[in-house]
Amino acid sequence: EEVVVFAAASLKTALDQVASGFEAETGHTVTLAYAGSNALAKQIIEGAPADIFLSAAVNWMDEVEKADAMVPETRLDLLGNSLVLIAHGKAAAPVEITADFDLPALLAGGKLAMALVDSVPAGQYGKAALEHLGLWQATEPSVAQADNVRAALSLVALGEAPYGIVYATDAVAEDNVTVVGTFPADSHRPITYPAALLTGAADPADKAFFEALSGEAAGKIFAAEGFTLLN
Amino acid sequence: MTLDVQLRHRFGAFSLDLAFTAPPGVTALFGRSGAGKTTVVNAVAGLMRPDEGQISLNGQMLLNTRAGQFTPPHRRRIGYVFQEPRLFPHLSVKQNLLYGRWFARRRSPAPAADFGRVVELLGIAALLERRPMALSGGEKSRVALGRAILSAPQMLLMDEPLAALDEERKAGILPYLARLRDEFSLPILYVSHSATELAQLATTVVLIGAGRVIASGPTAEVLTAPATATGFGLSETAALIGVTVEAREADGLTRLRSAAGPLWLPGVEAGPGSVLQLRILARDVMLARSRPEGISALNILPVTVIDLTGAGDEVLVRMRLGGEVLLARITPRSARALQLSPGAPLYAVVKAVSLAP
Amino acid sequence: MTLDVQLRHRFGAFSLDLAFTAPPGVTALFGRSGAGKTTVVNAVAGLMRPDEGQISLNGQMLLNTRAGQFTPPHRRRIGYVFQEPRLFPHLSVKQNLLYGRWFARRRSPAPAADFGRVVELLGIAALLERRPMALSGGEKSRVALGRAILSAPQMLLMDEPLAALDEERKAGILPYLARLRDEFSLPILYVSHSATELAQLATTVVLIGAGRVIASGPTAEVLTAPATATGFGLSETAALIGVTVEAREADGLTRLRSAAGPLWLPGVEAGPGSVLQLRILARDVMLARSRPEGISALNILPVTVIDLTGAGDEVLVRMRLGGEVLLARITPRSARALQLSPGAPLYAVVKAVSLAP
Amino acid sequence: MTDWLSADEWAAVFLSLKVSLWAVLVSLPFGLLTAHALARWRFPGRQLLNGLVHLPLILPPVVTGYLLLLSFGRKGMIGQLLDQWFGIVLAFRWTGAVLAAAIMAFPLMVRAMRLAIEAVDPKLEQASATLGASRFWVWLTVTLPLILPGVIAGAILAFAKAMGEFGATITFVSNIPGQTRTLPSAIYSFLQVPSGETGAARLVWVAIIIAMLALLLSEWVSRRVAARISGQ
Amino acid sequence: MTDWLSADEWAAVFLSLKVSLWAVLVSLPFGLLTAHALARWRFPGRQLLNGLVHLPLILPPVVTGYLLLLSFGRKGMIGQLLDQWFGIVLAFRWTGAVLAAAIMAFPLMVRAMRLAIEAVDPKLEQASATLGASRFWVWLTVTLPLILPGVIAGAILAFAKAMGEFGATITFVSNIPGQTRTLPSAIYSFLQVPSGETGAARLVWVAIIIAMLALLLSEWVSRRVAARISGQ
């Protein structure tokens, strides 16, 4: 039996491991299609043959739900994430992210790499956090917006931008960056990764994998990759 | 086969407005550079749509702008040797030659021309596998000639097809074109600047100047009419005389019968009984009051003066030779010395060799 | 100005291997289609690099494959009238004509040819604002001719420049080319299939056959040598006779002095004292044992037979005329009737008009 | 050799090859027709057609992909018609990837062919017509051989573009391994993973090698064609 | 009219125009040179150059952008040299967007020009040389005018591509409003949020209108050039 999963691209590392564990255990095949949550949502609305959707943003899951493309009672917030400030290199000094944190001085003319602040979730959370801390106005001219979190991470890893705002999960695996601070959880809406079974999911394997996502084995893997488990 | 052409067209300052009828045989379009010859030929081929006009071949309308009728070029079955070679660069010489035949086969069963014969005649046997890019100028124009002939057309258009060829090659091809004209009754519209080619081949001449027909009619008439004769260049003014081949004599000369008596000519290939047209250049005719003796010229013909026309520094003398017209160009001084006047009896001295085509 | 050419080149089955020297004046390259004329001209222009060879103009090496020396075309200052027009399609006729002048100005101050004069001579004044695409075949070749002449070259290459032109136009252009040759001492390498053009213009003839030089030398010699005369086409075999203009007589005829006595000719434009070359076609010469009387021919010259050569159905008679050679083509029958043999004294009868160039 | 890439990666390579080849093959006739129409015919809407052809170039690929999804998707107008009438489904299939690649590559193909057609001397086509060839035969025996280098250039540009097409493809048919996961999608996936650069680099090299081979092949074919014309 | 788009959106439109025009202008001489070299010269490494030129077409744009970042970024080899020697900084600047657009559009430009150069009859160039023109002048007075339609086609293709370029640009210079936020970036942003389609559609129309105008202009210029050649 084949399970087709549409998942936000940022889940790839963890989800690949979860899936291969599940395959080994059950003999089912899990096909994972990664792309931006927005693209996946639109495809699902247009009738993509997917069984499970893992979104990186609540609003795109809402869209799918509005279009009656998912089974509403299966929707759950699977994972959480936190937002961190990263710096280039391995030896950056940690900072305290509070209301009197002087981010512009820290940047010293360099850029702050973020995902698109108006459209990509990570960017939206980051902007909200900076606004909450009263830092946005002073920082805005220095923000280099990349088209996704990963690209923002790359900018910092390469040293093109001295600092960046990414998910904690992204920072974990990149050697060339250091997490210098974590944004307070109350500075932005909770970062959640909702999951749902889609209306096209018929066979038992789909349900099995959907359940496995909340299972213990998967939880370990997700946690190891830096996610918080919401279930 | 008769071709009827009536055209009216403007190209900026140049305007074409002419009509002529080409009876069976070869019709020569003669005229100065820029007179409109190629334009006429293009219209007949269907490559140019004139502002106004009618073209019919053998009663079949090819173009009638009034009725909005237009037969596309490929349905006209008119072979065209363009002024420039226009060979297909991506095909070998052989493929170029056979190109039209393939389409012809689908329409008519019997091709007029034989591939081997044409290739031999044009001297292009060694070039068959080459590409056009690797040919000399004259070689290209020979291939273009062969390509049109081999397309088994019901009519041929030739725009200065021999301009790039040497005399020897021309001398070989002209009789072949004459054969196409006669044996296969292939009508030909022939553009040329050479009065020699024209006299050898053309049955009808249409003299064009600045987009208008200046004169047209049977070749002999147009060539000898004083009003038009000079249009062909003085050195080429000539008369055409009909003769019948009688016999080939022992020393290789052929005896011909003309309206005015026997003539002897070397190098005649036609057999006894054939009817030929001899072109006698006005410059080749010498006049004498009495029959000259002890002279190398074999052909001495009794003639009567019709009239004398001054042409530049010279005098063009028209004479009656049997029922036909002979022309001679002489100096005014000789005209006075011989006391020429209409009606005067004379002897025309024509060297045998100068009759050879 | 002397051009020295020595070439060796292979094109597949065709091989070129020749050497010749072109002295000042016009050197004609004469030969059948595919003989290698264009190839030679291209090598002189620097557009073709032969496998082996040396070319020098006036002592200046343009090419020496041994020494690895090669002067690029634009430094040779050699004007080239190509066999096909090759006009620049994006430029107007006027811009085409002036194209070379701009580069010439940067090198030499005095252009040999005057723009207005050339335009008038070629009859292209009305075309100046047109694009080449909108020209007739002959118009294109005239523009190409003008373009090369106006580029103020130190030498001209002309590959059949007049092939697409009518007789009248040719008759106008040829004397102009002769003037360029004489007044501006512009050496010209001239390819042509026409013996008429060649005799009127060429000082030297190089006869090429299948990539080899068959004969070369002063025009008069090559044209009258029995071995080569037939190479030009029998109908064009001719002798060249040097004459001096004496006076224009009352009736428009001009008296000329030749080595063998006086000659009369219509339409001579050169003034008294000018030295001219007359081309007397072998077919225009009639022979008589005694001086004929009461005949329209004005020029009756005493000659002595040198030798007789059989050529096809005919006999070519070479005769001494003063210090020069005259040719006559007659039938074997006439040769017998006149009892011709070397040393026999004869009268050569030449019609005045047939002497006109 | 086979160890060098994982099975999934090989699958992506072969899928990309398959998609690109089909994209070129399928769009070739339409490309020729469009190029011919733009070069030779004068008809109302010509400029519109010209604009339409260029559209995929002007729009961000994602937009093109999104428009494709809207019209050719399961719920899309054309998509539904195709499904009902011919049983053809494009969305989320490799055939859809072919469509996306073909459309993205179309402007490049058409431009190259159009330039070639405009360079053909109409005098040769006239000569062909006087020898009895109808329009169709003129085109087949004269025009087509003469524009062959341009057609090849157009096809190879289209192939290269199809090999590299990403935005429209992932938007229209997603990134489903073994089905619609092309080489660029695979590369993208790698770039989404921290330290995925080495994996991406491997695939990039594969892409480069394939493209180079295709280019060499096309150059060689073009040269042969040109040599045939110039006579040797 | 101005109300129709927000100030930010107008800024994106003008930036895209500026970037695209500069990309075309800057790459034009290099494009001509490269096209000429590929069409006419035979040198070792010719195939390599050909491959290199096509690379941006074959690779997913993001990869190209990433490679640009690696080499032209602040820490990149070339980027550092440019900065030290000429004080030129490309990363995060609109000039960097120009570079990205130019490189992405380069293969299209070169192909069009190359086809045009290959179609020029060398016999005309020979004629020019015999009239005294050196190589340079031959090129300027004969070759260039004859390839003008191809050059225009190449430039317009490049312009269209530059207008639509997204992946490489955003990867290399990010999306800084007013500095590097081009029209495609703006459209992309809209597509990232639910119900952003209407906003995206508005910008898509702007892109289409600009591109259409550019196409019409280029067609008109091409036709004038062709008319000059065919004589009327």
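Order of writing sets the chain letters: A, B, C, D and E. Residues in each chain are counted from 1.
Just so we're on the same page, a contact is a pair of C-beta atoms (placed from the backbone, for glycine too) under 8 Å apart; a residue touches a chain by one contact, two chains touch by 3 or more.
The chain list, named the UniProt way, goes like this: B, C = Molybdenum ABC transporter ATP-binding protein; D, E = Molybdenum transport system permease.
Remember, predicted model here, so these are calculated numbers, not experimental data.
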{"item": "Neighbouring chains shared between subunit C and subunit E, ordered by label", "value": "none"}
{"item": "Subunit E reached from subunit A - shortest hop count over touching chains", "value": "1"}
{"item": "Identity of the chain that, by mean CA position, is farthest from subunit B", "value": "A"}
{"item": "Chain whose mean Cα position lies farthest from subunit D", "value": "C"}
{"item": "Subunit A and subunit D: spacing of chain centres that average the CA atoms, whole Å", "value": "35"}
{"item": "Distance from the mean Cα position of subunit C to that of subunit A, given in whole angstrom", "value": "90"}
{"item": "Whole-Å gap between the CA centroids of subunit B and subunit C", "value": "26"}
{"item": "Touching two or more other chains - residue numbers and ranges from subunit A", "value": "154"}
{"item": "Residues of subunit D touching at least two other chains", "value": "62, 66, 188, 191"}
{"item": "Per-residue multi-chain contacts in subunit B, two or more chains", "value": "84, 130, 134"}
{"item": "All touching chain pairs, where touch follows the definition stated at the start", "value": "A-D, A-E, B-C, B-D, C-E, D-E"}
{"item": "Residue ranges of subunit D in contact with subunit E within the complex", "value": "47, 50-51, 54-63, 66, 107-108, 111-112, 114-116, 118-119, 149-150, 153, 157, 160-161, 163-164, 166-167, 184, 187-188, 191, 200, 204, 207-208, 210-212, 215-216, 219, 226"}
{"item": "Touch list for subunit E against partner subunit C, complex", "value": "123-124, 126-135, 137-138, 141-142, 145-146, 225, 228-232"}
{"item": "Interfacial residue positions of subunit B with respect to subunit C in the complex", "value": "11-13, 31-34, 37-39, 83-84, 123, 126, 130, 134, 136-139, 142, 159-160, 163-169, 171, 193-195, 232-236, 251-253, 264, 266-267, 283-284, 286-290, 292, 294-298, 312-314, 328-338, 349, 351-354, 356"}
{"item": "In the complex, subunit B residues that touch subunit D", "value": "45-47, 72-74, 76-80, 82, 84, 86, 88-91, 99-100, 103-104, 106-107, 130-134, 147-148, 151"}
{"item": "Contact set on subunit A toward subunit D in their complex", "value": "4, 6, 9-10, 12-13, 31-35, 39-40, 42-43, 45-49, 148, 150, 153-154, 170, 172-175"}
